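In what comes next, subunit A is part of two complexes: it sits with subunit B in the first one and with subunit C in the second one.
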Partner chain A sequence: MTATSVTPTSAPRTRVNRLVLYTVLVVITGLFLGPFGWLVLSGLKTPAELAASPVHWLPAHVQWHNFADAFDLIDFLGYARNSLIIALIYATLVTLSSAWVGFGFARLSAPGKKTLFGILLGSMMLPQMITLLPTYLIFAKLGMVDTYWPWVLWGLSSAPYLVFLFRQFFAGLPRELEEAAIVDGCGYGTIFWRIFLPQSWPVLSASFVIAFTWTWGDYIAPQLLLSTDRTTLAVAVMSTYVTSAGTPVTNLQAAASVMYVVPILLIFLIAQRGFVAGMSTTGLK
Partner chain B sequence: MTVDQMSSVTRPSGSAQVAGRVWPRRRSSVAARRHRAFYMFASPWIAGFALLTVAPMSYALWLSFTTYDGISPNWHYVGLGNYRELFSDAQTWDSLGRTGLFAITSVPLSIVAGLVLAVLVNRPIRARGLFRTLLYLPAVVPPVGAGIAFKQLFDQNSGAANGVLNLFGIDALGWLADPYARYVLIMTVLWTAGNIMIISLAGLQDIPREVLEAARIDGASAWRSFRSITLPLLSPVLLFQTVTGVIASVQTIMPLLLAPDPTPAGITALPQSNYLYMMHVFAQYFAFGRYGYASALLWVLFVLILVATGLIFKSTSGVVFYNVDPEAKK
Partner chain C sequence: MHSQAGAPGASGAPGAPGHPGAPLSRRRFLALSAAGATAGAASLSGCALQVSSAASGAGETVTVMAKSGDISTDLIKQAQNDIGVKIETVLYSISKLIAMMTNGNPPDLVRGVGAVDAPYFAARGVMENLDPYFAKSTVLKSDDLDPVNDLWRYDGRTQGKGPRYGMAKDFSQDSMFWYNTALFDRAGVEYPPELEPVTYEEWLDKAKRLTRRKNGATTVFGGSYNGVLTPNMLASLTVAAGGNLFTDDYSRVDFTSPEARKALGWYIDYCRTRVGPSIIQPDPNTWDGPTFQANRLAMSNSGYWLGGLINTDKKLAPLSRLAPAPVFEGGRRVSPCQAGTGFWIPSKSHNKDAAWRVFEWFFGEAPAKARASGGWGIPTLKSLRSLMPSQAPYQKEVLKVQKAELNHFSVIAFTPYATADSLYALFNQIAPAAMNGRMSVDRLAGQLNSAMNEQLKRGKEQVG
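Showing the complex of A and B:
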């Protein structure tokens, strides 16, 4: 499969191959972008066009005001603010705590470390949905429903995936980094804060972006834990675009979900490198 | 099970303190300091794991032996009653079967799709960075966005899918209802194959060029060298993808996001073909408030996942090829 590009003997065949390859790639890419493109189109149509059958491929008049209306039908900015607060709280805390724990697993040793690391890796495969439901019951008992405390606690307790990411990074740094500091009598806390953390901007930002997008995208935890006023944009976009009679307003919902998704796409495009590097480090183990 | 996990979490920290005290102070003060420091650094995760994973799971285990519903004050212990009911509940078996079918179809399909995409965008072509980005983009779209997009795409009246069918003179299908909803669900998984593409791509790029060169000089066809060199070297990545894929498909909430009423209470209105096991759990929790019974369902699922993961690792241990021992790195 990788052979064709280098063989100089069959130039015409290579050109045909190339053409086929580009066509296949363009078609597949089109299919992959299709659902999102259709969402944008749906957000620009009138309710009548969306109810009509057979389908209206393009809006007769582009309804730009749908995006403004989507802002007004629900308290879009309020929900966006809730999403932002929760995502910032969680991403900041979980990045710091995971870096802290990752440092321990990368640079220190103690009896029982191997077992703990095994549990950590194993817990990466633990289905989150299974633990979430009983956790929800416990949070309800503790009166933490409809507060942001659950995200603080989740943030403080670090995430195995990110711990692993930091562990891989810290394990790759040279030994001399801490040796001089130890001779000077610095504690490991100081070594972590003063020497290792300032070195790890690429991983810190990757971790922050990953955690931020998790929280921004999470539907089920805010759906269970937060009331309709304090909930996140994900929940609001999914379930509050209805008329007072209860019929869904699909064109405004489509417009709203575009506005909900685009910030994440932009963050990804800006932070692409770290994001992908992080994914492949942990994916490969 | 949970008791074991708990003790294995707490025991090492205890033994470390003991070790620090027993050893001669001078010689090992540095080592003891390192041990204490390790537990200081690991403590957020240990505490979080104990309080936010082990404790809820233990709580669920306890609830699974009761009739607790969160409201009624006179709930009581029923022993294995919930588990007995679970085994005779037709919905449990049906939803479990659907979940298995969903995992068995969607996981291999998306891995093959991701692998094919990775091979395509690994070729030396123009704008391949752009192709990679665009193909990966859907994997970044949050599930809620994906759910709404697919609901629009497969809407009976205004969906593009039926629009295309109409061009070929085929009648509109009720994609989001039985029996087609399951295919839409699988398509939502395939849509995020860019995830697998990126990880496989990293694996492809780790394959030494010389090995593939040598194979070509020896006259191996492209397909042969893919099968005999690329695939074995990628097998750890593919195994990892299989395991995470199975776990993701067991806990997916996409059926809910594709439903007309996407709140946990609306679960009972789900099309049967998307009523997966996790949805059954949600229905018992939130539509019927049967926390005890739902907890029993959760625990059965948990054990099944452990068994399935174990089986996947066991059955592939002879097939998966590790180039480097992952533990040797440190």
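Showing the complex of A and C:
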């Protein structure tokens, strides 16, 4: 008899444990999905149903046209295009630059490396609000206000959290790989591009998803640096669903918010496997 | 603009070896890298990444900092057609405004709430004195300006006097209230008199009787009373009680004076009894309109402007009436405007003449006429009052009450030493304990004095 054999009493116990586990998971899933579900339902109601008491949980007549109206009330596609451009630029550049910096911190040695890494991580503690005014002034002096150049520069300058992610991953790769490449005459640039980067797809994927989500969801930077016509969907959904009198159109805003979230969900679903693998291989799970 | 960073000065910094063939020191490498990066950026400035459409010459493009709804896309096109000025908009944000002003490139027109923003910005010297423009204008004549525009005047000490720094686009007397006669009938509560004010105590009593609850949830709010911004609503209530919330030099508040204490006590009672939305019982709709429209709010402390919504609802409009601002027993009859939202021109605007042209057009020409007939506020030019909606019998009734109420308008001056938002944040930190019955009103008054006076002291130090 091995340790894996099932005794008559342990089988029902396992079933009960699973039942409890799944019940807890369903409840937690419900809690997480609840706000999104409410948002979807709000986007399908009339303003009167939204204001009703007792609460109308389900719309009496589903207002599918709210989604079309939300599309028409503002230049939804235009704002979505702006968001997409910014998010793609930033996510691509910051992923590559962070990988490069992370590689340096993981595999190269230089005086003061630990201190520099500490400073880099310390910069994560700096609230965005503190740097708001200087950031605007720098970009204004460079003539970059109302352009997408700030996202290029931010992308090229890497992000501390992503650097940390890559550093953890690269530090875990066997040193023999690097040594064999050096024996074959490779420099560190070649080692990074040809050996380390191709092995880091899970982290690259995780980094891209994280960076894309940051930028897609960012309100402060586009609000500060872009004009109304060139701003992103995050800013537009927050502030432009109003009547000519400035009063909010909540049901259309809810419908627009649902549409705003969809690309993020799609990207996560597509990159889910790589994202989870990336997070688990960096020791940050 | 882009070429500035790639100018020779970038690589010719002091200490940088300038001759060809010099060893590539780390400093020179960094300097060249920076120059290369900026030159690369400059070369890319004409590509698709460059989304900025550079401002055209003076008098042609005006940058307006506004909220959505202040200036629609259609109105921007109309401006181009009517006056040949191109309007570019940036969303209103105090952080962005400060950043733009610090950079020396402010918007040409900025939206503001006259009742609270005018003294704040005027005291800091960032607003253009518009008196010379008004003096020359054939569209906006001084004798045609409604007294509400005095909210945009500041003489260096007191709001309501001195030079004009802006103008309101439309206004309401925000202590008035609308009521739903059907909900009054259902609850058997007598209507308020048509032209005479009820007392605040009577208003609260009616609100209690009108409130309906089911299974712990409020199905009908008896009344909503939150003003436009809590700090200037409390200032208005204090004046109605016969006192002043601010000291003579506006550098301090005093909630412990008998009048301010009475005003504060009444508002805390309103919140505590939960007859209407407040910070401890927020309305998910975030404003009164949908709740009033859904017959779930018997009295709404909204001025004439709510008529813009009510007029569009043919079932609700005949049931809705406007009533004068309440009074405190023994207090003054006052009916202030707590907003007076409009625009001002920053003194560092590079395009003041074009900004003024837009200002004149927006406040005195086609857009002003369209607003006046829409019912979303009282026009701020007396000559446009005849355009206010008055066809239906209920509109005539509303207009009669509103016209009588205009006699009781007065400017209630706000402090220049703090934004209303900052005082509101302090109020929201401290007051919920009193609203929930865990703190006495006297203790609340003392704590508000300490917190707000500290804030005002810092503001006074800044202004000097």
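Quick notes on this one:
Note that the second predicted complex is superposed on the first by the 228 of 285 C-alpha atoms of A that agree within 3 Å, B and C clash if a C-alpha of one lies under 4 Å from a C-alpha of the other, contacts with A are read in each partner's own complex, and residues count from 1 in each chain.
Operating definition for what follows: contacts are C-beta pairs under 8 Å (C-beta built on N, C-alpha and C of every residue); 3 or more make two chains touch, one makes a residue touch a chain.
Predicted model only: the values in this text are computed from it and were never measured.
Judged by the touch definition given at the top, the superposed model places A:128 against subunit B, while subunit C stays out of reach. Contact with neither subunit B nor subunit C is seen for A:259 once the two complexes are overlaid on the shared chain. After overlaying the two complexes on the shared chain, residue contacts for A:146 are found with subunit C alone; subunit B is out of touch. Of the two partner chains placed by the overlay, neither subunit B nor subunit C lies in contact with A:73. Of the two partner chains placed by superposition, subunit B and subunit C are both touched by A:250. Applying the stated contact rule after C-alpha superposition, one finds that A:223 touches each of subunit B and subunit C. Look at A:52: by the touch rule set out above, it reaches both subunit B and subunit C. Contact with neither subunit B nor subunit C is seen for A:181 once the two complexes are overlaid on the shared chain.
Ranked by how many residues of subunit A each touches, subunit B and subunit C are led by B. After overlaying the two complexes on the shared chain, residue contacts for A:195 are found with neither subunit B nor subunit C.
In the superposition on chain A, the residues of subunit A contacting both subunit B and subunit C are 50-54, 133, 137, 140, 223-224, 235, 239, 250. If you check the complex, the residues on subunit A that touch subunit B are 1-5, 18, 21-22, 24-25, 28-29, 32-36, 38-39, 42, 45, 49-57, 97, 100-101, 103-106, 108-113, 115-116, 119-120, 123, 125-131, 133-135, 137-138, 140, 153-154, 156-158, 160, 163, 171, 187-189, 192, 213, 216-217, 219-220, 223-224, 234-235, 237-239, 250, 253-254, 257, 260-261, 264-265, 268-269, 272, 276, 279-280, 283-285. Subunit B meets subunit A in the complex at residues 5, 8-9, 11-13, 15-16, 19, 33-42, 44-49, 51-53, 55-57, 59-60, 63, 70, 117, 119-125, 131, 133-138, 140-150, 152-153, 155-160, 162-163, 166, 172, 191, 194-195, 198-199, 201-203, 206, 212, 216, 221-223, 225-226, 230, 236-237, 240-241, 243-244, 247, 250-251, 253, 257, 261-264, 278, 281, 285, 291, 294-295, 298, 301-302, 305, 309, 326, 329-330. Subunit A contributes residues 47-48, 50-54, 132-133, 136-137, 140-143, 145-149, 152, 223-224, 227-231, 235, 239-248, 250 to its touches with subunit C in the complex. Here subunit C touches subunit A in the complex through residues 1-2, 4-5, 38, 41, 45, 49-52, 67-70, 72, 88-91, 93, 95-96, 98-100, 102-103, 105, 214-215, 217-220, 284-287, 289-291, 293-294, 296, 305, 308-309, 374, 376, going by the rule given at the top.
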